[in-house]
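Chain IDs A, B, C, D and E follow the sequence of writing; residue 1 opens each chain.
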Amino acid sequence: MLALAATSVAILSVMALALARALKADTVYDRILGVNMVGTKTALFIAIMGFLNGRPDFLDIAIVYALINFIGMIAVLRFFEYTASEPDEDTQEKSK
Amino acid sequence: MILEVISTILLILGAFFSLTGAIGLFRFPDFFTRVHAASVTDSIATILIITGLILRTDFDLVAVKLLFILIFLLLTSPTASHALAKSARHGGLLTLAEIRESKKGDND
Amino acid sequence: MFEQHFPVLPIVLPLIAAPLCMLLGRSQLAWLLATIVSGISFCIAVSLLMVTLDQGVLSYALGGWEPPWGIEMRLDVANALILSVVTGISTLVLVYAKDSIATEIPQSQHTLFYTAHLLCLTGLSGILTTGDAFNLFVFLEISSLATYTLVSLASDRRALTAAFRYLVMGTIGATFILIGVGMMYMKTGTLNMLDLAARIGEFEYNRTLNTGLAFILVGVSIKLALFPLHMWLPPAYTHAPSAVSAFLASTATKVAVYVMIRFIFTIYGAEYVFYSMGMDVILLVLAIVAIFNCSFVATVQSNVKTMLAYSSVAQIGYMILGISLVTTAGLMAGLLHIFNHALMKGALFMAVGAVFMRTGSADIKAFRGLGKTMPWTMAAFTIAGLSIIGVPLTAGFVSKWYLVTAALEQQHWMIAFLVLIGSLLAIVYIGRILEAAYFKDPVQSASDKTIKEAPLMMLVPMWILAVANIYFGIDTSLSVTAADAAANWLFEPSAQAVFQSASQSASELGAAR
Amino acid sequence: MVELIDLVLLGMLAITALRVIFLKDLFAVVMLFGLYSFLSALIFVNLDAVDVAFTEAAVGAGISTVLMLGTLALTGRKEKANNHTALLPLLVVIITGAALIYGTLDMPPFGHPDNPAHQHVAPRYIEESPKEIGLPNMVTSVLASYRAFDTLGETAVVFAAAIGVLSLLGMPKPGGVAIDSGLKSHLVLRVVAKLVIPMTILFALYVQFHGDYGPGGGFQAGVIAAAAVILYALVFGLPLATHVVRPNFLKVLAALGVLIYAGTGVTSFFLGGNFLDYNVLASDPVVGQHIGIIVIEFGIGITVFAAMLGIFYGFAAQAERTNIQ
Amino acid sequence: MSFIVDYYNYWIVVFLMMAGFYIVISANNLVKKIVGLNIFQTSVFMMYISIGKVQGGSAPIVADGITSYSNPLPHVLILTAIVVGVATTAVGLALVVRIKRAYGTVEENEFEDKDALI
């Protein structure tokens, strides 16, 4: 039980760090990386939480998280491909 | 009992790796190294933690679902990182090259 | 065999017809289906009105689950009256729409128009019939989403921004209602309206419930375009297709007024809202400001649809004024005005739509000389316009008369006086159009093409409403009886006590645990 | 533990929301919204609302974010700096917020089992529904039986949204010009997507039919199935996707789902029950409830699938159109 | 102290709601408005789910050995509300796309100016 709790705290702090990365990113890709990391860690977190609460039968949600996270990533990539012709605005982001 | 000990070790290891990944996300100098830190530790942490959890089940439907999550994450997470890095290379290549250039300039 | 299912049919029939319309694909068939279904709903609504006048209240437990566990449809005189208005206007508008949208909406979108119209009707009927606070929110959203679609169907690009503004405001309003319902649920543990009423009655003054009510009232006020939250309405009504403006102006805001009445009188009880929270003063002031401000703004508009839209906001002021008098007479005048105003605004917007169809503009200049070229349309416009002003022998006179009487009954001389001044302003804005139509020559540039009278399919519904304006101005027995019964019903808590027993057993069940 | 996690997650949400206010890069705003949605779904899991979390993750974080990105692709990424003062909005928000805080003061304490909300109506659902309906998932029981009319309304809302988007954006023409679309250069992605898509559809079916026993049901299944096709369209291009699932077919499906749901209700009429009374569908009420719930969940599933995919098609069609020009 | 423990959840949720509400009414860009609307609504959902939580309770799916369940009713309501929310979002975004095509901009003040010219 303690191990589970410890792991969940660790994952939660990883999420917090990744969130911080997503909020305060050097480039737009860093932001995506942060968001993606929050997504995968959330899936893990739900899995652990299920065990922590003694009801591990809700893992379906973790699957949805993983799936949606993936689709979100693909959508972002597609967005980049689509807007590639536009002048890239990362440079502005970076100059901060 | 043994299973639980193994599981605990795996979980702690997994937690440790994901923490290192998160730290790497901040400490590494440019985007590509950060992707590296994030994705590699992500994979190993996922494997360790999910395996650790599977050892805590009665090897029933829950274990199957966990296995499914593991396979799914192992398929999608590195793919996403790879595609992201590739996309960054395509789209943001210039800016990242500039960073290295300027770094080189500093060193020389 | 379907009599017992009548309370739910005005919702279910259009709901089933909407997807069928989409499947039919052919706009003619879709139109026929929509009109027939709407007509049947109207017949059912009228028969429901008769039954409720006779027996009081009809309750229908959906899924066979007794309230408060299941959702209840609950019809009394108040909502049966408005349901008849809504379904009736919907039928007339659909008849009118066939020719009207032919010029305003591209052919390929016609089926979608009828589908969206039916969904909107579903939503409005649902709001009116339901006895469940959350169910009301769901139907509110159905009608709203369909409305956004309907407004944006117009070819004018300003319709898009109007629809967007409407969407943002409408969603904020709906979310506020959601917050309010949540707070009510938090304190009472139920969502059924009468059950809520019974349980809220146990509280004398509670900050959570107060806030809940405040949020619901603000949310509903956005939906009914109460001054100063009315800014979404004029652009939406101006740029929407004419048939949509006619439908929305005569139904959507009325339904929202009904929701406000429901929450104030049925759920919280007039005593809680008006004496504990003092909402009557706020509503009274807002209503009077709405009447004056928006009537004034209406007098300076050059676009007739915008003018009518502002006039609608002003007329809503009259309804709220009736509610805020906190007497049976005032409430009855408000309800009566809901009924009569639907008749007037329906006819007016239909007439403007006909003019728009023939002249391509809804500007006041386009009305010049129409008294000669479109005599029937303008005659209908005149009748309805007189009704808005409140000329005797029209329906508008009746509701204003009752409103003034209700105000005088309370010794509110000022309010009665202000209502009369409001009517004077109506003379100004309606008068400008009548002047243009009958006493000015047509603009020269438009003379190369002769302006024809509107097609029969548009004139008939317009004239039905115009005649109804006169009929309900002379023979007030039906409308006044119904409004009076409804007002008494809403004000008399004992009339609602029928439910008490069921609610009691529910609370006993709760206590037993 | 629950409270602690709750607090941490709420704190994360607060920071994210604050950041969204000040960001001008709309792409970042949308990404953070996706994050917000994800984290709030996590809160829902933490507060025991597993079904809600399921839906929020799939709908809020998934579909909404994809649609927002699609819109951004068409409207541009940068919010222009606006010079009008934000004083009035701030005032409105402070007043509204103050009213809400005032309202919280008489609220029942968070999570207390004796709260009125848990006393009156809810106990019946918790204690009787497994017997009356025969399903372990109470949320499904309440959703599909006790409050089935709400859910019918919800299906109608989804249908109305599909109608709205259809009228505003239109539909792509199936087998249209096969222009350069899809993520051509990402070979790994294409291979993995081919693996993931069948798994997703399988998972959608599982969610559809397992919703009675675990979290899930028609909505979630419909959204996930739509997500699978969306993934296909994103990776392999819209023309191929419309070839597989034709837009006209979607229109029929969306209408059909609503009809199935409403038709179940009407069937109850003819069998002597009230609208949506499933007890009359079979001689044994519990069996009747079961049949009813399975049928309407199926109706919901196909409407939601068709509507969500149709909405996506609408946006994608616009993007393709601008691409050609 | 117990006062804070009782209400901290609602207070933060109120803050989140107001952050979303502020974005809706202050943003000039229509996409951002829609994002704000979503944040606002999602936060309201959180309020409902908080109402439904029972301390020591578990997810409302019957399982052996569990005696206390959280309240399923708010969950049902919010399931409905989420779907309503995404429906509104979809229509709103479709309108934004059309506005962009008709006006060439999605900034509120800019298309207001363009309309004023007519």
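Note that in this section a residue touches a chain if its C-beta (ideal position, glycine included) is under 8 Å from a C-beta of that chain, and two chains touch if they have at least 3 such contacts.
This structure is a prediction, so every number in the text was calculated from the model and none was measured.
Chains that touch both subunit B and subunit D are the following: A. When chain pairs are compared by contacting C-beta pairs, D-E ranks highest.
Distance between subunit C and subunit E, defined via averaged C-alpha coordinates, is recorded as 28 Å.
A separation of 47 Å divides the Cα centre of subunit A from that of subunit C.
Taking the mean of the C-alpha atoms as each chain's centre, subunit B and subunit E sit 31 Å apart.
For the pair subunit B and subunit C, the distance between mean C-alpha positions equals 58 Å.
The set of subunit D residues that touch two or more partner chains comprises 50, 70, 72, 76, 100, 104-105, 107, 115, 117-118, 121-122, 125, 147, 150, 153-154, 157, 160-161, 164, 168, 183, 186, 189, 196, 214-215.
For subunit A, the set of residues that touch two or more other chains comprises 28, 32, 57-58, 60, 63, 67, 69-70, 74, 76-77, 81.
Annotation for subunit B: residues touching 2 or more other chains are 72, 76, 79, 83, 87, 90.
Working note: touching chain pairs come out as A-B, A-D, A-E, B-D, C-D, C-E, D-E.
Touching subunit C in their complex are the following residues of subunit E: 17, 21, 24-25, 30, 33, 37, 40-41, 44, 47-48, 51, 73-74, 77, 80-81, 84, 87-88, 91-92, 95-96, 98-99, 102-103, 111, 115. Of all residues in subunit C, those touching subunit E in their complex are 134, 137-138, 141, 144-145, 148-149, 152, 157-158, 160-161, 163-164, 167-168, 171-172, 174-175, 178-179, 182, 185-186, 191.
Interface residues of subunit E facing subunit A in the complex, by the touch rule stated above, are 58-59, 61, 63, 66. Those residues of subunit D lying in contact with subunit C across their complex are 99-100, 102-108, 115-125, 145-150, 152-154, 156-157, 159-161, 163-164, 166-168, 251-252, 254-256, 258-259, 262-263, 265-266, 269, 273-280. In the complex of the two chains, the subunit E residues touching subunit D come out as 2, 5-23, 25-32, 34-36, 38-39, 42-43, 45-46, 49-63, 68-80, 82-91, 93-98, 100, 106-107, 109-110.
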